[in-house]
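Same chain, two partners: chain A is paired with chain B first, then with chain C.
After this line comes the complex of A and B, so read on.
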């Protein structure tokens, strides 16, 4: 009995330590966003009065943080909308219209998940460079389209939607077909409304990975005037004398959308992550 | 999963066969029509993945046999691949990646497993709080948390000041090659433990508590239950998290780029980062960079096959 009690105290002790380690960097980030660089170096653990000043520095620096918020939002929203539409159509197609040939194609598409991005970034960079040189300036390097395009259809999302489609009641398909609905109407008017929670979960993961993406925007957007939020933060962090008050304020802003999604939609958030494994 | 897929495939194709009813010809036309719809639905994704993954992949393979600076490239045979074997930075990057793999992945996964077993106990008070707190690092972007870590562990940062406060000498986190690797490992563990915990938790919820009760009656302690029951039961999920963590580690870029820039003296450099430097920091050498990238491709395929084989064998 006594042994059990000491074990449970140990458990709580362990969990409290782990939780503290998990939360502390957030506290440090929020507190530091209200302090100036000197106070941060002096390890001030209380809220300061420099939040407004940090924000002003952030938005008035020549790195143009305000514009980057716009770029990042545009890229993340457009990527999410297109990726959900294209991948759910594909996932639906592979599951509802099953055939041996399409199953084989699906397995080939899945192989693309194993391809590391570092092997793709060079040819993609040259591809967009070549397209830009042909005069189609709207889709070459340094355009928002070049950041969006490689992510509008991923094998991961197709797989995710195919797995989720398995729970879609298939007998209503027959009824709809007998009623004379064509296949696109069935998809838009019956499938999409029923699968709302799958779309929500898919939207969260896609938005988040797009909002946080670093390597491809870093390669595709070489023009310093066109940078997404992670690129700006990274540039600020790698300067010789980083102003951490300003950087932390920037990180707080960069974390707000994903934090908001997490606290508002915890269930779909988790479903989006594990939904494809089950 | 594969067998499950093929079973489902048989079921659905047989469903379609019966749709048309007894009249052979109408059944045939319906099947044909549905088949056309099927290709219509999946065609867009086939085109896009071909254009943005398979075509670039072939282009990278061809490029890896070409030499030259910038855009002036010509066929160079195996030159790039021979150069790989003499490249000190490649050796360093591979060495660092394996250190991250050997230490970081097991530490993180074991920690995640222990945490999720504790969290799965319905009598634990404050479960929701603990779960949310430990998952919280996952909402940060890789760049954001890297910068936070860089600040906390800088030479005069809060962690070192804490150390000197309790009488220990400060650690040169970013200027000492050994501690810089430790810092990278600590950071990645902080960011991803909660992520893996979620997978284990969802797996644990599928296990009947009565199995554990039976083991307790037989006198099994917590450690024995963990090793002999939880781990075997969660095997597929553990395998999945191992594969995803391994693939993630092999492609490590954001953290190293933002915390240490690969330094000191390439002490933390990774393969992805070396590829990036070869293309965009030094005089661009796309051919050689592609050859370096193929190391990662080969490693990912090789490790995934090994892990699937191990998982498959012990499952039987």
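After this line comes the complex of A and C, so read on.
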């Protein structure tokens, strides 16, 4: 009995340390948002009185932070919706429909995950540049499509949906087919509702990576009016004497959407990541 | 079944991490790669002939060079009101990543007409992407600007940029602490590093404060010492110059001696260095003139600061009391529509307008490398924070003496190699052997960039 108790104290002690390590950067970020630049460089760890001032500087700077929030939200939402739709259809297809080449194609797809984005960046840039020159200016560089298109179908998400489809009860499928439902309707009316939690997990992952995406929007978007939140934050940090208070306030705001989305869908996210079906 | 699905989720999480890790590192590797591959791509050449009504300018500091570009814009609006100038503020690393992608792919759509590029980086663009930047020999008059600055942007006898700011080095020092240590301001003139260390030891003994803060990841101090003797990591032909570089060896020796004598404190990273100064932990800072804005952040220290010339190395022949750290210049991207308007803009603002340069001295503390700027009203005004010293005039006078060096193509890549070498020397490795090994590695870096 005594041994059990000391073990659990040890366990809690360990967990407290780990949670402190994970939470500390966030805490520091929030504290910093209330201090001015000089207090931050002097590592002040208590709440200050500059929050309102920092927020005012943030929204009144020439960099137009407010507009970038709207722009980032738009890109992230469209990317997430398209990515979930396309990748889940693909993942579903890979698992449900059998063919000889299926696994070979799937392995090649997985291999594409090994290619780092940096290696694809210049070819992508040239490709979008060339498309823009043909007169299809709506999909060339510096457009929304150029930022969204490369991310609407990722090997990771297809893999994720295929993996989760493995636990999708195939009996439902058989029953639906016997009842005369066509394949499209099976997907939308049977598969989608059952896989709710996988969609939730996929949504969080995609939204987060799109919201935080930096390198590709940086090179693809040239119009300063079209900058996303990470690009604005980066521009703010670049001056020789950066206003860290303002930047920290910006980072707090930039963290809110993903944080909010996660806490809203936390339960489904966990369920989705371990592939359970309700 | 359950373990399997848990394993799968871990696997997916690991892959996700891998993906984000890659995209995070991308910015660096993109800016590091610069092979001369794709400069011959077809770029719409007719575009350059169109007389553009709109110019775009990229720069990176809202409180400094972006503000300068905006003032130039206002000045140019009086000369030619038909041209709309758009000044865009962007992080310097972001500008570098965008330029690299565009130049490498040969597609300059969306690139600005005018861009600010750091002097340490420009040789790489001139060598790797010939023809991408416009020849500005007809805009920048050589005898109007200081030599050391022009040398950074000259390739095959042609001048490709319009100089912007000087990074002239100096010793910022706390007069109160130096006096407490028993020295006068006159002792700070014509300094040598030996004298500097001697004063540092007295400061440490009498006030308990360090003389200077050092950042293990930044060799700015060593770079300044080298340039004060007209040397760099590469020689005038751009070849690695490490093992037999007497100035580098002496600079490393001085750097090590300062730490052995206990007159330094370690401040890792830029902000820690600024904090050390603002919180009175150090008596001096040896830096480029632009560092004044960071020092001035501590308003309570007003009147306690002064500046002195950069210390020279007494054991190295040719070392003078003047050097440089950083600095940038304006460039025109040749194939972007509106080239001639862009050249006209630069020639009527940064390349000739002494009135503009003088008001920039007041508004952003600009130390110009334009020779005639030295007679300006603001340049000759005293600065209250620095105890009414005429700091701008001093800086401009010292800029004249900065030895010209060839920065080569890969200062930052060489620097990261040298940081390791210097750290191992500080830990006790032999200077000669370490520099000899570094020579081979730096040769590799430099030849990869050529």
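One rule holds in what follows: the second predicted complex is superposed on the first by the 235 of 278 C-alpha atoms of A that agree within 3 Å, B and C clash if a C-alpha of one lies under 4 Å from a C-alpha of the other, contacts with A are read in each partner's own complex, and residues count from 1 in each chain.
The definition used in the following text is that a residue touches a chain if its C-beta (ideal position, glycine included) is under 8 Å from a C-beta of that chain, and two chains touch if they have at least 3 such contacts.
Just so you know, these numbers come straight off a predicted model, no measurement behind them.
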Based on the superposed arrangement around chain A, label chain B with chain C as either clash or fit.
clash
Return first, second, both or neither, reflecting whether A:102 touches chain B, chain C, both chains, or no partner chain.
first
By the touch definition at the top of the document, which applies to A:160: first (chain B), second (chain C), both, or neither?
second
For A:62, select first, second, both or neither according to whether it touches chain B, chain C, the two together, or no partner.
second
In the overlay, answer first, second, both or neither for which of chain B and chain C A:90 touches.
first
In the overlay, answer first, second, both or neither for which of chain B and chain C A:10 touches.
neither
Classify the contacts of A:41 with the two partner chains as first (chain B alone), second (chain C alone), both, or neither.
both
Compare chain B and chain C by how many residues of chain A each one touches, and report the one with more.
B
Of the two partner chains, chain B (first) and chain C (second), which one does A:215 touch, if any: first, second, both, or neither?
both
For A:141, decide between first (touching chain B), second (touching chain C), both and neither.
second
Output check: A:118 vs chain B and chain C. Expected answer is one of first, second, both, neither. What do you get?
both
Of the stretches 57-65, 75-83 or 93-101, which one in chain C hits chain B?
93-101
Which positions of chain A sit in both the chain B and the chain C interface?
41, 43, 116-118, 121-122, 125-126, 212, 214-215, 218-219, 222, 234, 237-238, 244, 273-274
Residues of chain C defined as touching chain A within the complex:
2, 5-6, 8-9, 12-13, 15-16, 18-20, 22-27, 29-30, 44, 60-64, 86, 88-94, 97-98, 101-102, 104-107, 109-111, 271-272, 274-275, 278-279, 290, 293-294, 297-298
Spell out the part of chain B that touches chain A in their complex, as residue ranges.
5, 8-9, 12-13, 15, 19, 34-35, 37-42, 44-46, 48-49, 52-57, 59-60, 63, 111, 114-115, 118-119, 121, 124-126, 129-130, 132-134, 136-137, 139-152, 156, 158, 161, 190, 193-195, 198-199, 202, 222, 237, 240, 247, 250-251, 253-254, 257-258, 261, 271-272, 275-276, 279-280, 286, 289-290, 293-294, 296-297, 300-301, 304
Which chain A residues qualify as touching chain B in the complex?
7, 11-12, 14-15, 18-19, 21-23, 25-26, 28-29, 32, 40-41, 43, 86-87, 89-90, 92-94, 96-100, 102-103, 105-106, 109, 112, 114-127, 149-150, 152-155, 158, 166, 170, 174, 183, 187, 208, 211-212, 214-215, 218-219, 222, 230, 233-234, 237-238, 244, 247-248, 251, 254-255, 258-259, 261-262, 266, 270, 273-274, 277-278
For the complex, which residues does chain A have touching chain C?
37-38, 41-43, 61-63, 113, 116-118, 121-122, 125-126, 129-130, 132-133, 140-142, 156, 159-160, 163, 167, 205, 209, 212-216, 218-219, 222-224, 231, 234-235, 237-241, 244, 273-276
